[in-house]
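Input: structures, listed below.
Next come two complexes, and both contain subunit A; in the first it sits with subunit B, in the second with subunit C.
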Partner chain A sequence: MRRLGSLADWRQRLDWRYLARLLASLALTLLLVGLIFDLAGADPVAAFEALIRGSLGNPLGVEQTIELGAILVLAGLAVTIPARASLWNIGGEGQIFAGALAAASVALKVTGPDPAIVMLLALLAGLLAGAAVAAVAGALRALTGANEVLTTLMLNFVIALLTFYAITNWFPAAGIRGSTPEIPRDVELPTLLGGDITSGVLLALACVVAAHVLLTRTRLGLTIRAVGANPEAARHNGIRLGSVYTVSFAIGGAFAGLAGAIVVLGIDGLLARDFSPGYGFVGIAVALLARSRPLLVVPAAALFSIVTVGGSYLESAVGLSADVALVIQGTLLLLLLALWVIPPQRAAGVR
Partner chain B sequence: MTAPKPLTEGTPGSNEELTRGAAAGTPAVEARGLRRTFGELVANDDVDFTVRPGEIHALLGENGAGKTTLGTMLAGLLKPDRGEILAGGEPVAFGSPRDALRHGIGMVQQHSVLVPGLTVAENLVLGTESSWNPRLRHRAVERWAAELCERFGAGLDVSAPLATLSIDEVQQVEILRLLGRDVRVLILDEPTAVLARAHAERLFEALRGLRERGCSVVIVTHKLSEVIELADRATVLRHGRVVARLDRPEFNEDALASAVVGTELAEFGHEPAAIGVSEDMPRHGGAGDVVLAIEDLVVDGERSAGAVDRLSLQVRAGEVLGLAGVEGNGQAELIEALSGVRGVSSGTVRIGDRTLTQLDPRTLDRLGVAVVSSERRRWDVVQDLSIEENILLSELADPASDFSRWGFLRRSKMDAAVAERIKAFDVRPADPSRSVATLSGGNQQRVVLGRELAHRPRLLIAAYPTHGLDVAAVRFVHRTLLKLRDEATAVLVVSADRDELFALSDRVAVLYRGRIGYEAEREKADMRQFSRAMVGLGEGATA
Partner chain C sequence: MVELLLTTTVLLTVPLLLATLGEIVTERAGVLNIGIEGVMLFGAFAAAGVIQLGPGRPVAVLAAAALGAALGVLLAVLFVARRVNQIVGGVLFNLFALGLTTVLFDRYFDAGATGSVFGKLALPLLSDLPVVGPALFDQPLLAYLSVVLAGLVWWLLTRTWFGLHLRAAGERPRALDSAGVSVGGIRTAALAVGCALVALGGAALVVLQSGAFTPNITEGRGFIALGIVLVARWSPWWALPAVALFGLAESVKFQASTFGLESVPPEFLAMLPYLVAIVTVTVGTAARYPAALGVPYVRE
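Showing the complex of A and B:
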């Protein structure tokens, strides 16, 4: 009865003003991006067309958009879970590196068992490595009060450099390519329906559902939300802040680690030094845009993925530099944050 | 009147400015019929208040009496709902503190408004129009600031960063900042709360110096000794109204104490029905075993060691112990310690037969201790969570609770329990999924009670349980507490409202400087001793 909800209930939850604000900010973004196209000397309509055609209008584009979207979904979830406990995970990038390194190491070094088992072990290793790196920041916050923004940010460099070291020293065949040898095909993630899209996409979607269930249906999720909304009252009611800090970071890191593993096992088929164009940092933008709601992470990630993949077609289609895609991303983020995400939060703070 | 022109003239302030209002007995500032409410709470009602030029005027009253509200309205930080303010005889309407400053009225608030990262001189000049001067020169600012300090006899290094100053020096800067703007009515809110004794003496000396210069000083305080030592006149507030105006010759501790807290029980409107305790409710016959025994408890505060200072008290099953006291005498620290969120320095707390030296919320919960804390929004409810999640929060936090299995919430069990509690505690609207933030204070408190009292606690600690609630909610809380007591729960109530304490309690005690200053059976309580103990004049007598 209650979960079905009355009509009034639904109206309260949907809140048309939110929706109107979202649509208005999207419209304004389109307008401004069109203006940027125009100023850059391209026909805005043709440029938009190229953007969509490049990302959704051809088989290769669709594959890239979906796969990039899956990685961004996980990178977004990595920020979302700690964010619900009022913690900033700026370390998604490092946690993705940790996951990628752990997955590549297992995939290349473990040869005994069945390849399918090795694949699962590699995924698990990636997940645990991401969780472990993130948990360090959570535990430091819990034990010493160290600001998690700084610790996660710093750990990015530590883990990236460790990965560079590992690539050249653990896998001598790396040579000048700056990457590990290719992972055996039968250890890679299977593709979907005989096509080229990796089944890692399904894992990402499963993670969205898991994150949503975690936050809404579990005891841990409730404690995370309570700590995020009012740590003092949470503590007063017997919730241990330190363990919530550590665990929420570990969960976020697990998502990031899984993202790294999927890149290695499902998309690149090897671990290259420059495998990440900054997935972890885009994940922050995705989580912001999704207002830390797991289900909203999917459309937010899709938006960034479309702009990124479609943006790379702008050069050949309408002669715009690929950098324009970055400008679009920035505009998108700024406008949506300013018009849609931040105002309701500020209103909540004032109350 | 104008902002200082120090950088061109080199002379901060001017004597003319300070003494201008002194002519012909015109009050420096006057309030007529001021009223101000915060939601349901009437903080000031029909307040007349006059400050003469060149006097030190104490604004006296218990916490919550409305002193600070009055001060902030005079200083333009808060707008009155009704009534008028006259500065130098002219009616004024302040839209901001800047307007008040323009009329020579400034307030030093309890919490510093200065910028720690700037130097003393920069803080002094900050916010004056001259700081927008593009030709502002560092050296000129410092020279001006140094002159200001010298003029008012403050030995401060004006080039030192504020963060390196001691607490009393920061306060000097706060005062100088206002004096530098030609303030002639200086309002200080509890200025000695943060000061050591010697520093307070020095502050008083400085304030007397300002009086010599024709400046008026309003000192907001609840300390009688300060009034006697310093003030020329005193206005006493109680429950937002002026209850007494005294001149210096009339000052003595007894007169002031009785004005501040009152001595006649009748004066409290001590009719049980008035606060929701009906006569037909059985007064409890006798108390049972000791449930809470505190021995030599020491709890450190944020700023002060020993905020609770070797306190001992006992509460028995089936009795209400009412703990009175002016705020700031260790109540907050005691409650926080007893709810397990503040560490105990020494001493023991025995609950039933468990003797504890450190307490934590979950252990207390399992021992059957319920806590309604002093700041509902801070400690008790999570605004962004639903009624359901709040009303079950402490149980949901416990992995051993029935409401979760394998880490998953058991919705059907939760729904049943929540429906029952919402009904029993009459939470409105009775919609479990609604966010607590949308509820009135009274209904939020019902949610808190629903959570804390669901399992008939062995011990209830309730701090200011009716603070800010409307009449119906107050009545409900009182009934609930008495009902629990009759069911043999031990109840410790901390309140600033003596009507409430006397109506609810079987025994009353006064907390002063972290210790029990007076304790008596309710019927045997001596009101005069009780009042004196509140302001530290007790003989430590225990009836």
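Showing the complex of A and C:
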């Protein structure tokens, strides 16, 4: 088996043609996005400058970039683990919603124990809810061969609608429409070093290490990668594909669920209908850019976080909708794919 | 009451039907186009944009189809020429489409615009039939046209050389290549035709229902069409009853009170199409997927 990520591999990949393709896709992205900025009525140079200023050029922006980065790291890991078993998790969005809903439910409804215990329970509930939703898709694939791309895609909508229902019917908030009441201060995640950054960031980094160790140092990780490399060979060696499918999805979903819990308990302090502008889908792009390596998920998520936070700043700076971040991310990734900076994977059919 | 339900069902069905037909064409050629949602969004955007510029609704619908065909060729560059994975490529295209249409909408559209929709065209005699008459035969021209297009797609796929080659590209691309036909060429043409239909579906959302564009107007309808294709087993004829079923589910949501369904929360009614799609994917796994669906063709 080819050892991915080894030194020889990188030396081979870093030839001049690869570099040329990388530079070409970056240049084309700048050009196309600049054109779109211009078309949307903003000065491209000013817009790019504002993008960086908004995300890295001021304390609040840096804080938001780090916090969102943590969420995108987890959303990326949610795709990464099943991807190593050659499975597509397009359901990160739904799993994030499930985690957020479960965490908010525990944080708002459980009042008996010590607030710190409630907080831990809420985190755990979020993690388990995400894992459970994802495991459904994995189990359906294992039991009947149901295509996981379509089931996870559809589950996104089911879970989001369930969350909307819960927000209006289980936790009617006085005052703010479309969100639950605020979570008690002492149930929220503590901040780091007395600053404003949530300790959820540390959780996300711990998950990166855990995912790396899981994939590279454990029997389960080896099994997952064996299934990903060649499912038939793995089956002939006595690996039960069905359980690997279910477990790898559950692990991925747990990361996504944790992301939802951190948004509720550490960043927003409540559950709002529109808390996620498609984090789960951006997670797919993050995992892709990281080539499904947990350690590479961190820089990939950082890049997307900078673009997203900077993009939201463009609204006040140059009058562009915050959704411009989606345009930049989509353009960059599609060009990286089209120019084979991220090479086409081996043929993976739908069934 | 039943009449009103049927009438709204037909109206809600048309965009879904057109999108489903488009996806059937691309999937039969072996390309799983998850980007259907983005293409539909662009179709709605183009239609609303042209209406705002002034040339009128028929031109707007044609412009949307033309943009769809162009987007199909663009997707073909990714999926066919560059063999980009169709699942990630599609997801990324959707993000791109949502971002671009929203940004340009903010810049160019009058946010409060309430456009108008196509008027109805009653078919003589037939529209006088009780109950079904007004629902089925007193509808805008585009509604009749979408049914005609279902027949046309069936004819194209099963009665023409192009359709034969197209299906071969989805089942045994190597055999098609051996016969001297370009697999890439056929798949590119299929994407152009399919995406034109999908974009037409997006335009139908504007010209039949809302009259104007709003960000993310499709709200996952493209993904529902993706599910309907499975229910319809890749057949343009079966697409008609399958789409009607989903349209009915959607219109019941709007008229829940008429049917004593107020107690069922609207969110749960809205879940129905997605749940049906999940059940179909789960129990329908014996279905014959096009053998080469999602697999880029590489000559060896």
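To be clear about the criterion, the second predicted complex is superposed on the first by the 276 of 351 C-alpha atoms of A that agree within 3 Å, B and C clash if a C-alpha of one lies under 4 Å from a C-alpha of the other, contacts with A are read in each partner's own complex, and residues count from 1 in each chain.
Criterion: a contact is a pair of C-beta atoms (placed from the backbone, for glycine too) under 8 Å apart; a residue touches a chain by one contact, two chains touch by 3 or more.
Nothing here was measured: the structure is a model prediction, and the numbers come from that model.
Undergrad: Looking at the overlay, what does A:Ala132 touch: subunit B (first), subunit C (second), both, or neither?
TA: Touch partners of A:Ala132: none, neither subunit B nor subunit C.
Undergrad: Examine A:Ala46 and indicate which partner it touches, taking first as subunit B and second as subunit C; both and neither are also allowed.
TA: Neither: A:Ala46 stays clear of subunit B and subunit C.
Undergrad: Considering only touches as defined above, state whether A:Ala210 meets subunit B (first), subunit C (second), both or neither.
TA: neither
Undergrad: For A:Ala317, is the partner it touches subunit B (first), subunit C (second), both, or none of the two (neither)?
TA: Neither subunit B nor subunit C is touched by A:Ala317.
Undergrad: Taking the superposition on A as described, I'd like to know which of subunit B and subunit C A:Leu30 touches: first, second, both or neither.
TA: After superposition on chain A, A:Leu30 lies in contact with neither partner.
Undergrad: Tell me which partner A:Asn237 touches in the superposition: subunit B (first), subunit C (second), both or neither.
TA: In the superposition, A:Asn237 contacts subunit B only.
Undergrad: Between subunit B (first) and subunit C (second), which, if any, makes contact with A:Leu220: first, second, both or neither?
TA: In the superposition, A:Leu220 contacts subunit B only.
Undergrad: Among the partners subunit B and subunit C, which is in contact with a greater number of residues of subunit A?
TA: Looking at subunit B versus subunit C, the one contacting more residues of subunit A is C.
Undergrad: Could you say whether A:Leu120 touches subunit B, subunit C, both of them, or neither, answering first, second, both or neither?
TA: In the superposition, A:Leu120 contacts neither subunit B nor subunit C.
Undergrad: For subunit A, which residues lie in the overlap of the subunit B contacts and the subunit C contacts?
TA: Touching subunit B in the first complex and subunit C in the second, residues 348, 351 of subunit A appear in both lists.
Undergrad: Please name which positions on subunit A make contact with subunit B in the complex.
TA: Going through subunit A, the ones touching subunit B are 2, 5, 9, 217-220, 222-223, 225-226, 229-230, 232-239, 348, 351.
Undergrad: Where on subunit C does subunit A make contact in their complex?
TA: 32, 34, 77-78, 82-85, 87-89, 91-100, 102-107, 215, 220, 223, 226-227, 230, 265, 267-268, 270-271, 274-275, 277-278, 281-283, 285, 289, 292-296, 298
Undergrad: Which positions of subunit A touch subunit C when the two form their complex?
TA: Within the complex, subunit A contacts subunit C at residues 36, 39-41, 88, 90, 140, 144-147, 149-151, 153-155, 157-158, 161-162, 164-165, 169, 278, 281-282, 284-285, 288, 320-321, 323-331, 333-334, 337-340, 344-345, 347-351.
Undergrad: Subunit A touches which residues of subunit B in the complex?
TA: 339-341, 360-362, 365, 371, 373, 378-385, 389, 393-394, 396-399, 403-404, 407-409, 411, 415, 431-433, 437, 451
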